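You will see chain A twice below: alongside chain B first, and alongside chain C after that.
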Partner chain A sequence: MRPYLAYVRAAALIAMQYRTALFSSPVVTLIWILVLTRVWSQAYQGRPVVAGFTLQTTIVYLTLASLQAVVIDSPLPFVIAGRVRTGEVIFDVNRPIGFAGQMLALQAGQTGTQLIVVLAAAPLAAWIGGLAAPAGVTAGLLYPVALLAGLVLNALLGLLIGLSAFWTVDNWGLSTLYRFVAAFLAGAAVPLTFLPGPLRAVAEALPFRFVVYEPAAIYVGQVQGAEAVRALGLAVLWIVVVAGLVALVWRRAFRRVVIHGG
Partner chain B sequence: MAELTREVRLYLVLRAASIRGALQYRGNIAIMVLAGFAYQGSGFAFVWVLMHTFGTVAGWGLGDMAFLYGMRLLSHAVWLLLLDGVTHSDQSIRDGQFERMLLRPANTMSLLATNTRSLMSFGDLTVGVLVFGIAVTVADVDWSPLAMLFAVLAILGGALIEASVSVAIAGVSIRIIDTWAFRMVGYDAVDKLSSYPLGIFGNGAQKLLTYAFPFAFIAFLPANLLLGHDGDLAVPAWLGYLAPLVGIALFTLAYRFFHRQLRHFQGVGH
Partner chain C sequence: MPLITVHQLTKEYSRPKRVEGRFGALRTLVTRERETTLAVDHIDFTVDEGEVVGYLGPNGAGKSTTIKLLTGVLWPTSGTVEVGGIVPWRDRKRNARGIGVVFGQRSQLWWDLPLIESLRLVAALYDVPAARYASQLARLTELLDLGEFLHSPVRQLSLGQRMRGDLAAALLYEPPVLYLDEPTVGLDVLAKEAVRSFVEEVNREGRTTVLLTTHDLADVERLCRRILLIDHGRVLYDGPVDGLVARYAPYQDVLVRLDGDGQPAGERWSLGGFDGERESDGRWRFRVGRDEPVHALLAAASNGHQVRDLSVVESNLESVVRELYRERRAG
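So, the complex of A and B:
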């Protein structure tokens, strides 16, 4: 475990070196929270409840969801593509800890740093959008668990997309495509209950919702009781499935490792 | 005049060459266009879902929203198709490519603008044409020849306003090595603040987005006139007629700023 923790620490230190990037990311999120909450407020026009959400709940949901969705922009595809292209990946595969583990540790360090920045920006987000206490004690207790599951799942998905670089070298197009589709289907701008039937079915069948929608919906009390527990169970199931996929893809990717510039 | 004709011809040759370059990466073509499509498409999907549930936002229906969104996307695509290399000024300077651009007998901005192999703007263009094309048939617009001319000029004006943000940042990148953060905030602000009706914001923000950061001119104010909305705004609606002029003025300012900064170029030691 020690080498992984060292890797996490190194990743956090790297993230903290890029200070302007670290501070501009919450600015972008805050602008989006401003636009998003204003658009929704105008849309409600005094309607008490739409698709199970009051305006107040929707605003809290959207603020929270926008803050959570920051993590979907994973550095892994970019990092892996860079290391494959330059041949640096030779150092990674020669280390005494596994490649997938290294990349997940890197993501953990980056996400950890992002979370600290997000927490620091939360009061501003609450002022621009709106935040409230969790819907109840259970919601407050379940939220961090659901969020953690979402972060793990998000890291594994980012890794899976990133591994495509071993076949294509450049994965910029694919990772961009992934980022926007995943964010939308995760419920970053629209609580999933608002989606029209077929689109909702697609979002429900895919794992992205556990990164944003489920934790945020648990927090505001939209998903509760047995439903919340089932959501957590499904999230864990998805983690196992995607982890298995990552292991499978990595085994094949390892055989395809080409060292450029060697 | 002869000088201008020569510059335009050189620009077209360079642009054609960079697009030919991009087309060499065959496998990448579809995925890049698709990425651009997903970026803008997911943005419009949000608008569509919202209208599907609520019908109107700040007095604007789906057709009107699509008109605004499409108009802004067309401006966005036009500026990217013409000048996307400007967004890579950091990299060009760091790689030492910028020295080459300064030495060649052609306009530096032309060389910088055509120094990319990105096809993502074609994805933006596809979504823009699709959304705007459908919106034109749905939204209630009185298409007199004058209105058509105004729409075209307004789209070009919007493109110039967006371009001026990028050109100004490219000017800054000549003085400081890394402008990634400016870019990220600048582009995102344009993207988010100009694609929705101004009426969703409070009076202060409306004035801010018209007079201080004139993003409202990119698409909203002209679209508002074309659609004939007389909703309550904190700013006079007729200002929209000035959109093409605002574009020309801002782009001229940004270009002059960029050009002045060239005198201070120091290189990064190649």
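So, the complex of A and C:
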């Protein structure tokens, strides 16, 4: 365990080196939350419920989604691409612990640091009017569990995309596209129930929704009871599937590993 | 029983063949033809415990590929390697515990963090016990003079400081084998000296076995008793430094500068049975075999010529390598 904790610590130290970046994203997010509370009040135009969401739950949902978006930001595709490009990856693959484990520990360190900052910003979000208590005791207890599953899944997906750097050298385009598509299909922009049928079916079939939508929907009580438990089970299933994919892709990536530079 | 055994090691790189001409780039993407390059071609050698071996060759000779195969990050096309009984690419993680790696061109230190944090990370990775870490850190800090920049972010270090930091990271867990890939590249004279005396020290004190690639032959002359010379992926020479000079440059050069009007015309001058060539600075260079008498040339030169100065240049490792590289370009 000691090697992994050392990576977590190093990543946290790196995140804290860049304080401007660390604190600016919650500030921007708070401003965004301020905007969305006002915009959505207007958009509802007095209607009580839209696509299963009341105005209040939509605002709480989107606030949570925005705060979660700060935390789920995965640097792994860029980190891996950088290390492959410079050839520094030769050191990573020459360690007594596996490459995937190192990268996931780095992600954990970064996520942990961001989580603390976001938790500090959460009372402000509540004060702006974007946050309310969870829908119930069960929702309040299930939310952190669902969020944790989402964070693990998100880290694995980031790693999977990151491994593409071993084939393409430069994965900037793919990573950027992934970030945008994954965030949207995760429900970071609007609750997935707002999406038109076909698009919603796509989002339902993919794992991204467990990263943002399901935890936030559990929190506001949109997803509850057996449905919430089923969502958690599916999230765990996806974690197993994506972890298997990572292992498979890594084996192939390593076989064809080319360390750039003489 | 050697510590490192390399047997018939071969690595072939294969990549899609580039298509020239119209839409060449696009056609390259879909072509099924592949071209292969043989980076390492049936290499054999062994390294005993405690040796410092210079692994030399021109750029693109296959040095780095060999190091990558030895560390286990590349799979060979054929052949075997054993490092302390471990086949590196089969048992990469176990192999990693027993080797330290330093690349002059890249760093294992974390750019954003103070040097000490990278060392701490390495200690945790290799499970160095706290007391052992403290004593190793103290020893390396003293040997490499890390004290003044141990707490500075790596991005602020000079190249020489960074290289010392990299050496410390590679040896913190006391690996029995150290691979150094161009560790002095780009360093100033003092920094090079610091690297060399450190390697000398860890080899003497800790019996660390070192495989060193470099283009600075002063590194080799200072550190290695034995060298392996490779080119086009093949071993050209494996033996002591002196033997290489005797085999590839069995001569010395005599440089003669004449005074006055007695200058022979043209670019060539035959004197006392030796052929001379005019250098760009006006001196004449005569190549005299090791078994030939220099005095015959000296006598002929002083007979009727005003010799202003004369020097004898012993061939050394550098002249050998220069000679070899020249042959390679010509061939």
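Throughout what follows, the second predicted complex is superposed on the first by the 258 of 262 C-alpha atoms of A that agree within 3 Å, B and C clash if a C-alpha of one lies under 4 Å from a C-alpha of the other, contacts with A are read in each partner's own complex, and residues count from 1 in each chain.
In this section, contacts are C-beta pairs under 8 Å (C-beta built on N, C-alpha and C of every residue); 3 or more make two chains touch, one makes a residue touch a chain.
Only a predicted model underlies this, so the values are computations on that prediction, with no experimental measurement involved.
Q: Looking at A:5 after the superposition, I want to know if it touches chain B, chain C, both of them or none. Which is it: first, second, both, neither?
A: A:5 contacts chain C only, not chain B.
Q: Is A:241 in contact with chain B, with chain C, with both, or with neither (first, second, both, neither)?
A: neither
Q: Between chain B (first) and chain C (second), which, if any, makes contact with A:148: first, second, both or neither?
A: neither
Q: Is A:98 touching the first partner chain B, the second partner chain C, both, or neither of them?
A: In the superposition, A:98 contacts chain C only.
Q: In this superposition, which partner touches a larger number of chain A residues, chain B or chain C?
A: B
Q: I'd like to know which partner A:20 touches here: chain B for first, chain C for second, both or neither.
A: first
Q: Common interface residues of chain A with chain B and chain C?
A: none
Q: Mind listing the chain A positions that touch chain B in their complex?
A: Touching chain B from chain A are residues 20-21, 23-25, 27-28, 31-32, 35, 38-45, 50-51, 168, 170, 172-174, 176-177, 180-181, 183-184, 189-190, 194-196, 199.
Q: Using the touch definition up top, name the residues of chain A that touch chain C in the complex.
A: 2-3, 5-7, 9-10, 13-14, 17-18, 86-88, 90-91, 93-98, 255, 257, 259, 261-262
Q: Flag every residue of chain C that touches chain A in the complex, lowest number first.
A: 59-60, 63-64, 68, 71-75, 92-94, 96-97, 99, 101, 103, 105-108, 110, 112-113, 117, 120-121, 124-127, 153
Q: Inside the complex, what are the residues of chain B that reach chain A?
A: 27-28, 31-32, 34-35, 38-39, 41-42, 45-46, 49-50, 52-54, 56-58, 120, 178, 180-182, 184-185, 188-189, 192-193, 196-197, 199-201
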